[in-house]
Amino acid sequence: MSFNTFGKLFRFTTWGESHGIAIGCIVDGCPPNIQINEKDIQIELNKRKPGQSKYTSQRKEDDNVQILSGVFNGKTTGTPISMIIYNKDMRSRDYETIKNKFRPGHADYTYFMKYGIRDYRGGGRQSARETAARVAAGAIAKKVLEVKIGKKYKVVGAVTQIGILGCDTNNWDDKFITKNSLFCPDKSILKLWEKYLLSIRKAGSSCGAIIELRGKGIPVGLGAPIYSKLDMDFAAAMMSINAVKGVNIGSGMNSAQLTGEQSSDEISQKGKKTKFKSNNSGGILGGISSGQDIIVSFAVKPTSSIINSRKTIDKFGKNTSISVKGRHDPCVGIRAVPIGEAMMHCVLLDHYLMNVAQCKS
Amino acid sequence: MSFNTFGKLFRFTTWGESHGIAIGCIVDGCPPNIQINEKDIQIELNKRKPGQSKYTSQRKEDDNVQILSGVFNGKTTGTPISMIIYNKDMRSRDYETIKNKFRPGHADYTYFMKYGIRDYRGGGRQSARETAARVAAGAIAKKVLEVKIGKKYKVVGAVTQIGILGCDTNNWDDKFITKNSLFCPDKSILKLWEKYLLSIRKAGSSCGAIIELRGKGIPVGLGAPIYSKLDMDFAAAMMSINAVKGVNIGSGMNSAQLTGEQSSDEISQKGKKTKFKSNNSGGILGGISSGQDIIVSFAVKPTSSIINSRKTIDKFGKNTSISVKGRHDPCVGIRAVPIGEAMMHCVLLDHYLMNVAQCKS
Amino acid sequence: MSFNTFGKLFRFTTWGESHGIAIGCIVDGCPPNIQINEKDIQIELNKRKPGQSKYTSQRKEDDNVQILSGVFNGKTTGTPISMIIYNKDMRSRDYETIKNKFRPGHADYTYFMKYGIRDYRGGGRQSARETAARVAAGAIAKKVLEVKIGKKYKVVGAVTQIGILGCDTNNWDDKFITKNSLFCPDKSILKLWEKYLLSIRKAGSSCGAIIELRGKGIPVGLGAPIYSKLDMDFAAAMMSINAVKGVNIGSGMNSAQLTGEQSSDEISQKGKKTKFKSNNSGGILGGISSGQDIIVSFAVKPTSSIINSRKTIDKFGKNTSISVKGRHDPCVGIRAVPIGEAMMHCVLLDHYLMNVAQCKS
Amino acid sequence: MSFNTFGKLFRFTTWGESHGIAIGCIVDGCPPNIQINEKDIQIELNKRKPGQSKYTSQRKEDDNVQILSGVFNGKTTGTPISMIIYNKDMRSRDYETIKNKFRPGHADYTYFMKYGIRDYRGGGRQSARETAARVAAGAIAKKVLEVKIGKKYKVVGAVTQIGILGCDTNNWDDKFITKNSLFCPDKSILKLWEKYLLSIRKAGSSCGAIIELRGKGIPVGLGAPIYSKLDMDFAAAMMSINAVKGVNIGSGMNSAQLTGEQSSDEISQKGKKTKFKSNNSGGILGGISSGQDIIVSFAVKPTSSIINSRKTIDKFGKNTSISVKGRHDPCVGIRAVPIGEAMMHCVLLDHYLMNVAQCKS
């Protein structure tokens, strides 16, 4: 059971509401003697935090993380690592209008119907603010894997499509991603995206996005059949992120259109190196990593909180309409990049530990 | 931890290899006093079994299931239900050629690298034969939900794309699906698909497919944030099926291209009924069922075992090539329909029980 | 996997070290719409906190709990409840002497050997201070069960033996327990225990204790064979408490000496009430509650931190001796009463929810 | 969740009823490349099987185990190992008398009240016959540990008390245990026990027993705080065995009577060896193995099925009496020795793998 816990051997449990006192998480199962400090985590959190550009929410959050346990003299001790991030810029008045109305496309209706009660302030638990806690957990997983696998280990995420505008992934440039606020990997499209986003925002609307994650330096053998497949866990991990509606591994949904010859990646050996001619599998065969780059992509639907008026009902069952005026991202997908990266780190570390337990003991 | 177990409250554990003595599963957590017999399960198994048409594998398997425990006087007792299906038509000689070679696109390489040993006969544990066991588990979940929710509860799956040929889902006809061996929901495309498949087979090749599942009559409130989201569990469930590379919920990957107005389904009230104007969410908001139809689709890559020769390596690290001549499906996706349905039943029952525990106690 | 998590449907995860910034826990799976506030939890914490009498540790801790999430307008929302208790009276200097030495009977040696690192301040994670977090979780479980089962539901714990001095459980008086600082249920022995404890403390030594828990008003049917037996979970729960070395259900270890006639409790019916002649089973048959009072007892070994000098080694493998002068309980067992009660509440709620899911849905 | 599953990384799931077609289990998480065959398992099963002496049930069961999956060419493959044991000597007529009556001390009443249905034949799922399945799982765990730790690894169990007659554990003789059908470790008391048992049987009664398990050659560092303590898992494991009512680790319940000086085992170093002066801890400190012998004991209550008439009720709520005439053990505790050993193997392997994952990766 795991309502708010993710992972098996490396596990994190998140808690907290958008407009409560704080949010946070507990990381359990972290190996001991790993150097970790708050800066390592803050770097990742800063990538995700709002208020950094005109393309994301204007909510100002420092997202300062504090480690409360599990680290002693700068090293993990093998005991649970508790982290807390206090909420600061909470304008609860912004949310009075949605107190009794259900925003279309949001979880307002389903939460209320399920629990009979909901913390409506800023979406409460359903808010994407929860994802800050997992970015913190992912920062720890990353550190551990860098120690266990080595510096060749790397996960890079980018936005590959915004609304109707896909980038050219052949132009993918790791460094460029870090230099623009849209996590765009393709220099040639950035300007267009920026224009597009501003027009979307101006129009009181929003748009979706596709994020692609690339894991590098991952050893062969991670993942376990049948119900702990690596791709199964990636699918679950990404689908757990707010607003995600689709997940692809390698060729993903496009696999349907391929022939067997196109789809199955030919193998060859060069000295001690096993090579694959293509990577339709996304680096995973039978649920187990093949040693190729791991490629996972996912779609984030458009922000549901938009200014344009939409028909809906209120909690008393009356028809009404709603226009949401808060400080929302025109494209929530953008900030999903560090979240996706964090989830990939966590899944990989979990499977790394499982593989050690079953096959390297 | 759950290498071979799926589910939380309603759980099944599968076991068995393609060419071992038998395969089977244990269903744990099934409510008591549900009428169940082998026929109920056999009906579902028969949908999946090979050798039924020229479009699927010619392996002949009766797939006769036997219940070994957990049912007394025709009713479940609340104790584990063990089911066994003996393997019959095992031509192990077919697989001598792949004993030492790794089939591209298959898990041969990764299993061997992970475990240092593999049962190569028919793919061993990695074979899609494992899915028969989950179809059996799904048959039980279906029976339970029909009792708990009532006869309005229904899951229908169909193939909506074969290779490059998508059907028109506006023509979806539940009854037609049961009358053709391709699980095609659109009468207008069936003939074309049949021709296409025969040509693919003749060419010694294979093709992919997309399967769509529709769940009806599902109450609002199933699913639980954050890491037991209903769509997260569907994504995991479908991605656990052999050869699946992508999963969509509702508008899925296409959500990226929508605007907020298009994507978020407007809500209205008519008397006691809550209605949604569209169903881009696939019946799930914030990980919780909204009462709409649940729509999940997934892509199955082309069969990797094809006659056409492909480059690969053997277990000694030598370059070689392979042509797989066994009795393989030209499009494994077709038989994935009852498997997907089974997984949907299992996920829904699991969440049904969880919801009862947390919110209806 | 559950290094720091307890429970299945009602789960809590604890974190924190004795001399870190704070300790705390997250409660997950709590049903919604239960009235809860910090006072409800504080009452239980106050029973456990140190510095309340001359028979327990003189460490002064307010143990003020703060709820950080999961409660909105005074009611649970079904989302995780995060609670924090800041550490205050930390005299880390007290522990400099044990920085490099392993206290006999403590986990110093095993933690160091396992993890290669340990937070030695106050025992770090191994300190009984962790138990405050579970008392907080137990307070919530108690509230939920009082709502779900009703006010007849009650768990009462008491100390029934201190060192060599057992009380007469026939004199058990619920009210008296709350009126003395030793949780003594038998007025006739209290004075003797107090004298004994003072002499033990004066002698620089310590002693063990036995705690008995009585659960009342528990419905028949809680617990689940085979590996979720109610008594199995009680045994695990109690053995997870620091310094506990033995657990009995009903007649417990004494069952060995009984005959079948003595041991098996005869059953009779009076109107609608099922009665049992005796209660050797401790209210549990085949792992399922019978409707009788549930009786669980456990032994707590003497405090290992004593003033009297003991032989040991240091972390460099050198023989040495140790005399521990901190503010230790002469009998840690006494403060185990509210901890045992908390664990019983948690186990019962967990099984209550499981039973609802499987058998009442 | 784990109604019928035990373990975390090394897991087994049992199924089957006393008088169904068969019983069995699935072992999941077993490391690959371990040599295992049916004989290895049969040896352990033979220790447990009934009908071997006049002191145990006369039911004749070959208890022949068959491995259905997970082993290829004599070695484990890392995939689930399914094992089946067919039921043979089922005299269901023996149980007609108990069809509607609840045997005092048995789970008849609680199963019926919980599930509303029960397979009364031979106790159905509640029968100790289920334990054969876990002995099979334990045999595999034993093999794995002998490979991983080496031949110094050993678990030996014995009966140390039958009814009111305790043996002298100072006379413990490993070899003698294997030479008598009562698993008696003390030659001096065997005759007396035999006489006692015959008199108990003759009197139509039954008696309880205490079993002690000794684990040797176990490395320091197994076990994990807080809720995966090694002793916690032992307590759970033993309490999951039918009729067990109490569990002790090391000095167990007697710890209450000790002083701190007596209880905490002094430590010393001799060259590279760490020594303990005594073993009150039972080889476990803070939930982690210390490298000493692990000592676990547990009490088994008397067989509840006795010939002597006992008052009870039937399923219609009428008062009645019952005399159970089947082929029951006068002291079920005796056959609990191989079961306890099996559970100890399983817990140790589980923790061995967990320790590797967290601390040796």
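Should a chain be cited, it is by its letter among A, B, C and D, assigned in written order, with residues numbered from 1 in that chain.
By definition in this document, a contact is a pair of C-beta atoms (placed from the backbone, for glycine too) under 8 Å apart; a residue touches a chain by one contact, two chains touch by 3 or more.
This structure is a prediction, so every number in the text was calculated from the model and none was measured.
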*Looking at CA centres, what chain is most distant from chain B?*
C
_Pair exhibiting more inter-chain C-beta contacts, B-D or A-B_ = A-B
*asked:* Rounded to a whole Å, what is the gap between the Cα centroids of chain B and chain D?
replied: 39
*Between chain B and chain C, what is the separation of their C-alpha centroids in Å?*
46
*What whole-number Å value describes the gap between the mean CA coordinates of chain A and chain B?*
26
*Among the residues of chain B, which ones contact at least 2 other chains?*
1, 3-5, 8-9, 14, 29, 32, 78-79, 114-116, 125, 225, 354, 359
_Complex contact set, residues of chain B against chain A_ = 1-6, 8-9, 14, 102-107, 109-111, 113-116, 125-126, 130, 161-164, 200, 205-210, 220-221, 223-229, 231-236, 238-240, 242, 245-269, 272, 274, 277, 280-282, 285-291, 299-306, 308, 310-313, 317-319, 333, 354-355, 359
_Touching residues on chain C, where the partner in the complex is chain A_ = 1, 3-5, 8-9, 11, 13-17, 20-24, 26, 28-29, 32-33, 66, 68-70, 72-73, 75, 77-82, 84, 114-119, 124-125
*Could you please specify the touching residues of chain C with respect to chain B in the complex?*
1, 9, 29, 31-32, 78-79, 148, 225, 352-354, 356-361
